[in-house]
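Both of the next two complexes hold subunit A, though its partner changes from subunit B to subunit C.
== the complex of A and B ==
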């Protein structure tokens, strides 16, 4: 390809800006000192191994994992039928449905969190795992609906009709045709919801009880200053998140349907 | 014998427009019937009504004597080959073909043997493990056909299944579809807008327009004796010359138009109405029926005198555009050796059996859309 050097240079500078902080964080986790600073004179792996011995941290990660799982299952349970419903409407009703489903995704998270906290108080749900899970589902459902809708639109009406024509009733059409066709979107949506929930701070902070989720615990510890341990645990979470994200991205863009 | 398909007074509306408008159709078992018409004529809607995907407002549909007008789609003894094939992308070829048998509750072993049988029928042995996306267009077409035939339906409906194929493959599949229909003895109801395809494959052609069947019959009969100028123009090429009936009697008819006069046998009135002198009519002359008259020929009752205004060589035939004395332009198709040296003023004539007089409201049906 022809072209000057200015655009590539600009691109790589920006890439460096994006990733350098992460590299610094990952390296800092190896610093043999109680303070975060450069240069790194002596190296250690104690911060990384230390994460495994940090009971509070492990409890927070475990709580976040549970919340992520419940909120994701809830999001799928709500988002899948909603997507199917929207798919079979058209015109103004469809626009209205899509707008009302997608709106929560555009609300400032902090506003949504405050509103949810008040609302849960009104209906008498205690702060805790259930409350956070409901809160996270509010944020995730729009993504599930859009992913399901996009996929189902690609299916066209003839596949279901063909199955019906060959003797399948509505239940079989759903189980044997629609669901397998949606599988890539559902797997992708599942992984994205897990990530969205796991990284959420605001809703967890407002809706949580005494037990902190991982981001909330991280925030709490930050107030006492940085230490290389925070860098280490953040790096570990980063690696897992990136891996999950890449897998999710692959499913979402998957064209082929073969198992 | 009970007809495989009997439709009575079927009407299907979308909003206020009738897509199918009071259609009657009876198809004997074992026939290859084609619904032919321009897009929007209601042929696909009629097919979908038979399959149960377009519930009609009125009328009845019987398949093999059973009233299925109100039956749900998955309990009808008919299957469809869709235009886009609609193969299940997440199932193998075997999974696709076996789906219908599975739904009928056949044991896995019986399903598998039926799948093999169908693969042999459509000549795709050894492809049972492939996925649709790994197949060529022609192979997908065959799988769709095998899938629809596998559950042994009373009626097989085909909704323009060849439209997506290129010309050569299309010709090949036409022959093959017809052969498979003969071999299985199934009743096929085929939808197309391609008149050549319809003529090449069908036992019966039903020409449709505006939700109605304009004419039904064997291809040759419909081609030779069209019921109106729409059918004449849609099935093959036709010169349609507006004329006025001036004389009837002794089994002959005389018609005139500006600058010409023709006399033809009365049985060449194919539109069913008996013409009276003074009636407006349309004279149909097939382009390929025109031949040069010898210079010393006597007066010919169907002679066409005209001036050649265009000449196109198409290899096996030559197409001439002729301007008649009254200004009408008609088309003549001749074998190259007969067109040799033809130019300027020419004198041609069709065979009497290859013209038709259509008595109708001139103008309403003389469009030549195809």
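== the complex of A and C ==
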């Protein structure tokens, strides 16, 4: 049980494996040269400040942000009623519902991307912002449903029953009991979906029009020529993403989800 | 919220609510409309359409012509070594990645779930989860900088005098596996952690007291009890690994082309390649289903303690 020194050593080695590359990337953003290579002899902050002057990069980040917002709103609008519906079913119907809801999370992402690309014509979308948002929502809804479902199961039927006994109708129960109880899960799911959408590459690549999202632009620039500016902008986005992710974690775990 | 409470006294609203509660079927229909529409329209229809396109001679079907059905795109897969090789390589690679991820993450998850002090567990988990809020591309960039010929690792190795000339580490199966482990480890960690957490410490203690060594405990207690977590984690990681599209293009080389990249290349050829690309995608799904199903069946009987 007590494992001695080997287990902690393995754990911290793994943590080093996770974080050292990110540190290397942050450092490379300070290299005063047009090429990426080590060692770094002269240092500069021009790559980090230069991000603000890079119009294409800012446009891509802005596009990613808009896509993230739209896809997240769509995911919540679908995921919340789906979670409520699944919570009311049981037995084989429930298993079937859950399986068909989480299906996109288990499909290889390349298959999901190209299937949606061919499907766009059927629902009358052109490749572009709306198409990417739809594609990201397809990928995010399973996670929203799971989060909503977990939270509802933690609530149990007592609160809603008590409110009904006191004369509340369904809408009041939903607005005054269920929704406030679900709030932490919904906020967590909101931030989670934003991140999922912001970091997605394959769906954006196949569903996008001429304007690239942030990961797609990064990918294209990597093939052209790799300068320290890419490391700098990646580091900045990383810092923001990790911060948002940690906040999301807190909400998902908030209040009584885990004793 | 107050407006809502007032609104319920509004007579038309009252009537609507009464009508709805008198008709449970109607209520269910309203509640179920969005989910059912989404499941059919967004989850199932694209797959069904893809399966159909894979059987068509051409897509889009030229106007005025009947749809010509064919199996020729599936036949093309068997006839072209290019596709078959990438397919086989992908399954071998994904299996290897799954095993490596399991071996690396098993001790990590065990340490967090069972060995680390209870009050530190949440913090340790957060440390492990934090880097996962970063895109596949950014993480590929980080590894390119570490593994390149003039990257951080070669600098460090030559700095301590282990090597004279830089080792070519990037664009190989090894660099790809190192990068992919970076993507997959979380999907193994969480199921393993959840499974380990449920194992009763008393069982481990009792078996140790009765003379079971570490290996016996692993084989007779931990593995059977953590079976669901292990199978779940391996399934997630495997499905993720066979679908990788961006990272193989950045960290892999010409001899590491994975099937997902092959599918992507077929699709970037344009509209008339859609049936072939669809057939390849369907084959990837079928292969993955078979592989995952076989894995779950192989390890079906959890040892009941006799």
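By our rule, the second predicted complex is superposed on the first by the 250 of 259 C-alpha atoms of A that agree within 3 Å, B and C clash if a C-alpha of one lies under 4 Å from a C-alpha of the other, contacts with A are read in each partner's own complex, and residues count from 1 in each chain.
The definition used in the following text is that contacts are C-beta pairs under 8 Å (C-beta built on N, C-alpha and C of every residue); 3 or more make two chains touch, one makes a residue touch a chain.
Everything quoted here is computed from the prediction, not taken from an experiment.
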Touching A:132 in the superposition: subunit B (first), subunit C (second), both, neither?
-> neither
Contacts of A:169 with subunit B and subunit C, given as first, second, both or neither | both
Could you say whether A:76 touches subunit B, subunit C, both of them, or neither, answering first, second, both or neither?
-> neither
Touching A:144 in the superposition: subunit B (first), subunit C (second), both, neither?
-> neither
Go through the superposed model and pick first if A:218 touches only subunit B, second if only subunit C, both, or neither.
-> second
Broader residue contact with subunit A after superposition on the shared chain, subunit B or subunit C = C
Does subunit B (first) or subunit C (second) touch A:57, or do both, or does neither?
-> neither
Would you sort A:159 into first (subunit B), second (subunit C), both or neither based on which partner it touches?
-> first
Which of the two partners, first being subunit B and second being subunit C, lies in contact with A:181: first, second, both, or neither?
-> first
For subunit A, which residues belong to both interfaces, subunit B and subunit C?
-> 169, 172, 176
So in the complex, which bits of subunit A are touching subunit C?
-> 1-3, 6-8, 10-11, 14-15, 17-22, 24-25, 28, 36-39, 77-78, 81-82, 84-86, 88, 97, 100-101, 103-104, 106-119, 121-123, 134, 137-138, 141, 169-172, 175-176, 195, 198-202, 205-206, 214-215, 218-219, 222, 226, 230-231, 234, 237-238, 241-242, 244-246, 249, 253
Where on subunit A does subunit B make contact in their complex?
-> 156, 158-159, 161-169, 172, 176-177, 180-181, 183, 256-259
In the complex, subunit C residues that touch subunit A = 1, 4-5, 8, 17, 20-21, 27, 31-32, 34-35, 38-39, 41-47, 49-50, 53, 59-60, 104, 107-108, 110-112, 114-116, 122, 124, 126-146, 148, 150-152, 154-155, 182, 185, 201, 204-205, 208, 239-240, 242-246, 249-250, 260, 263-264, 267, 274, 277-278, 281, 284-285, 288
Touching residues (chain side subunit B, partner subunit A) in the complex = 51-53, 72-76, 78-80, 82, 84, 86-90, 99-100, 103-104, 131, 133, 147-148, 151
